[in-house]
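We call the chains A, B and C, going by the order they appear; numbering starts again at 1 in every chain.
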Amino acid sequence: MVQLLTPEGKFAPSASAEEFLPYFEKLTDADFRKFYTDMVTVRRYDTEATNLQRQGQLALWVPSHGQEGAQVGSAYATKDQDHIFPAYREHAIAHIRGVDLIELIRQFKGITHGGWNPFDPKHKNFHIYTLVIGSHALHSTGYAMGITLDGKTNTGTPDTDEAVIVYFGDGATSQGDVSEAFVFAASYQTPQVFFVQNNHWAISVPVSVQARVPLYLRGTGFGIPGTQIDGNDVFASYAVTAKHLEDARSGKGPSLIEAHTYRIGAHTSSDDPTKYRTDEELQGWIKKDPIARLETYLRESGADEKFFTSVHEQAADFAADIRRRAVELTAPGPESIFRSVYSEPHPVMEEQQAWLAAYDASFEEEA
Amino acid sequence: MTAAKFYLPDVGEGLTEAEIVSWKVKPGDAVDVNQVLVEIETAKSLVELPSPYAGTVGELLVAEGETVEVGTAIVTIESEGSSQLTAPTPTLAQAAMANEVFVTDASEVDGAKDANEEKSGSVLVGYGTGGHGATRRRRPSAAGNASPAPVPPAATEAPKRPVLPIVETLGVIAKPPIRKLAKDLDVDLSKVEPTGIAGEVTRDDVVRHAQQASVFRNIATPEWSADREERIPVKGVRKAIATAMVQSAFSAPHVSVFVDVDATRTMEFVKRLKDSTDFAGVKVSPLLILAKAIIWAVRRNPTVNSTWTDKEIIVHHYVNLGIAAATPRGLIVPNVKEAQSMSLLELARGLEQLTLNARDGKTSPADMADGTITVTNIGVFGMDTGTPILNPGEVGIVALGTIKQKPWVFEGEVRPRFVTTLGASFDHRVVDGDVASRFLADVASIVEEPALLLD
Amino acid sequence: MSVQNLPLGKAINLGLREAMLADPTVVLMGEDIGTLGGVFRVTEGLKTEFGAHRVMDTPLAESGIVGTAIGLAMRGYRPVVEIQFDGFIFPAFDQITTQLAKLTFRHEGALSMPVVIRVPYGGHIGAVEHHQESPEAYFAHTAGLRLVSPSNPHDAYWMIQEAIASKDPVMFFEPKSRYWPKGDVDTSTSGFPLHASRVVREGTDVTIVGHGAMVSMILQAADIAASEGTSVEVIDLRSLSPIDYAPILTSAAKTGRLVVAQEAPGFVSLGSEIAATVHEKSFYLLEAPVLRVSGFDTPFPPAKQEAIYLPDADRILDAVDRAMKY
């Protein structure tokens, strides 16, 4: 397992980290502070969203608490031109790629099934969430096949050469679509990275039920090499993803990263983890928190209290702003149900929308 | 300072209620946004609820240990500035379920929550009683409420219900059952005057038309004639009718009796006869059944089938059944000879032939002679009943009126049934009231139950 | 006016070729479609002409084929995917119904899914299990998809091009029992929009509606009926979703009697939908209820029994007789 930053906040690269160090060495202190700021902000946002759900504002919330290290590190390794296919828990990556985090709230408040246009440049190719487990792995592979057909990768210009990174969890690796994505990726040598966030639980089913062999080896049989990292180590996440993406965009084909991390919270707000895992295990992972170790590292490399206070204050403001906007969100009217079912005009959409409008108009005004 | 309420949310995708396990604050406590207020237990798990407001705890509205529904206000918080969060609106399913009492035995309903004031009565196990709290959106009270959808283009007012487009009609509008009825009753739909609200032909329209088998219908109302008077010479058929009528009316003391009868089974029987291959090509109508009924009733009440002479009453043991037929020149009464020995099919043919001949003006004097009893169909003219005048030489005449659907008590309930009034006139020199009544009652009993003919 | 006499399979081949010539973003994907030219030779010659990068032999994975096609569509391509046989579409059912059909909706209109899925379907070829299915109803039931089915070579030539040009996902059901019989193809003009239904034979007593291979069966039945004195009007549905009801309703108003014939099992089928809609919209004008002639509600039987299962001219005429009795 590749590790650069220990849970105690010490920079101590493992032997397996050797080949990735050059990528880490490109980072500056400013980068580390950005990592920290983003992790704290998103965690604070995540807490706020959890509370909003408990207050009846959101139908559901999917917490990312605990997985910030894996997400922030890998996100910073991507280039603007890369396409990112998330599952449904990658809120930190959404934030880093420019998606206004209120959009995720819209989805979980029940206002939209999507929330943003991935093809709007401001969202830097961060695709919308896919709730059918593993389905998007195939979409990412198809997309990557398109990049190859377009000749937009492996041209020797890494600043513009494109790659794809797709995120899913340990549970998803059991889905047929993920295996089929591996088959197509290997067969067509797609420029992509499969990033597995092994947070050890698929709702209440432990990863041992999904895999008898460590997940970084899952792609081997398909011809897809893999690297295992300490997913709570943002440095490792950055460095390893950077190298894998470089391989992808320079014609070396698909690869896989398994990030060992932990789902500190529940699967979703409807779940109760106390029913299937021990507090001992939870506490053990809390000790390996990605933010805590980075904070320790930053303090020891000279960051002062003002920095941390400012980060937390800004995070609190960010969360409060999300709260304010979340409460004000309203659902769109009935026309939106019919509007985007098809890209071209459709007689049944027109007919049913007209019917509903006439039906609604036939009632007395509600007092 | 506003006292905002915190309503119990659905924390688990479709939960309907939760128990308050323990309050973490008390009235008067200062609280921040997101500070934990209370721990609740749902069907799925133990959950802490954070405060949506900053301020001072006002009142704890639900006690520990109590279970309340999603949407119930559980605590008030006096806050400055924060606006009241709207109560979570439960989904329709949640609302319905919250109002239902799921019982294993309908009798348990009586002891159920006092929220359930209305009970729908005995229900299948597991389906709950529902009732309370379920309402429907109200429509403006204009007529649009009742209009069925879709309304064909002929409707005069804009339908309140949304109307799915209907193909422009190329002909008669009639529902399938009415089309079938028209076919059964031998009615050409395109000739029927439709009276339905949407311009469709109704069942009544068809039935009424069926009885108007006569060719002679006034269709147009003519203008008043320019002449003051028209003089029609009394001769020919008109003279003969007049003579006959005077002879009957002023020699025989007429008495009439009437009875209403449920003719539904006769109508059904007629329908079945029409469908049968034996009667293909032969006109079958309720009149045929009535004819049979008269013949049968004559067997039981022979004196109505007789002739008065001053010296003796000649009771005929055969039936030459006269049928009053309207012709362009007036009313004539040809008769079917030996009707008592005819099968239903033969009688049908016989009657049909007589009618056709009459219409064509080909009735022979022999056809018109020696009748023993007569039936007249004024139902074709839309009349309910009438007081017919005896055919000279006869002592009984039966009038068949319109057959139409009316409310009738059938097997203890008011139902629409095909009802008609049978009228009959008799010569009181021969037929007294009791015989008259028994005869007509017998006729009526057949009309009500044709199967009695199997006697 | 340029008319060629072609088998339906070849007409689709030429239509694909036209589409690929006109638009470089059109790519074909499927099992055995490249080097072999497809198990029915519908894509014959196209790999040679356009190259392996535009005519891709995919791994044996239907879900993978549709899923990667979706990704390619996101990238701006117009993938035309072949599912080798009707009975093998089900591994792709999730990608088709939860993804392909819904991605435009999920993106609130920001993304189109111009993907065509070609599916050889139907019986009458004496094949083994899973090779003679009629699964149209599963997909017609899913909002977000369009479904069409050509019954003749001329329609096949034009409809495949129009399907490819559509911005929406289109499932193109090819009646495989009609691949080899020939028909005239006018390559200068289509004559009908993609989603239009069409009266292919005029009549006055009863209307029969069908699609795909059933249309030629219905026309045979109509000829027999004519010789018996019953005048049958025949409508080719062409588009299964959306259904163009206008000609059907006009015909129902004219004849007052409608029969729908299909190979698919009757329970919860396109025939059921058409019957319900015609009843609702033409209630006052019908002389008889709409009758359905369908496959039985059993799995498609072994080939030796397909003649028992599949509606033939006799079964269609039986429905005509029943309709005429009302």
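Going forward, a residue touches a chain if its C-beta (ideal position, glycine included) is under 8 Å from a C-beta of that chain, and two chains touch if they have at least 3 such contacts.
Since this is a predicted model, take the numbers as computed values, not measurements.
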Chain pair, most C-beta pairs within the contact cut-off: A-C
Mind having a look at which chain is the central one, using mean CA positions? C
Could you work out which chain's C-alpha centre is the most distant one from the centre of subunit B? A
What is the distance in Å between the mean C-alpha positions of subunit A and subunit C? 41
Taking each chain's mean CA coordinate, subunit B and subunit C are separated, in whole Å, by 46
Go ahead and note the Å separation of the Cα centroids belonging to subunit A and subunit B. 67
Could you say which residues in subunit C touch two or more other chains, in rising order? none
Contacts with two or more other chains occur in subunit B at residues 164
What residues of subunit B sit close enough to touch subunit A in their complex? 6-13, 33-34, 44-52, 83, 85, 87-88, 137-140, 144, 160-164
Where on subunit B is subunit C touching in the complex? 150, 152, 164-171, 173-176, 179-180, 200
Mind listing the subunit A positions that touch subunit C in their complex? 112-114, 117-120, 127-128, 130, 132, 135, 137-147, 149-150, 176-177, 180-181, 183-184, 187, 336, 339-344, 346-348
Counting only contacts in the complex, subunit A reaches subunit B at residues 47-48, 51, 53-57, 59-60, 269-272, 274-275, 320, 323, 327, 351, 354-355, 358-359, 362-364, 366
Using the touch definition up top, name the residues of subunit C that touch subunit B in the complex. 249-250, 252-254, 280-287, 289, 326
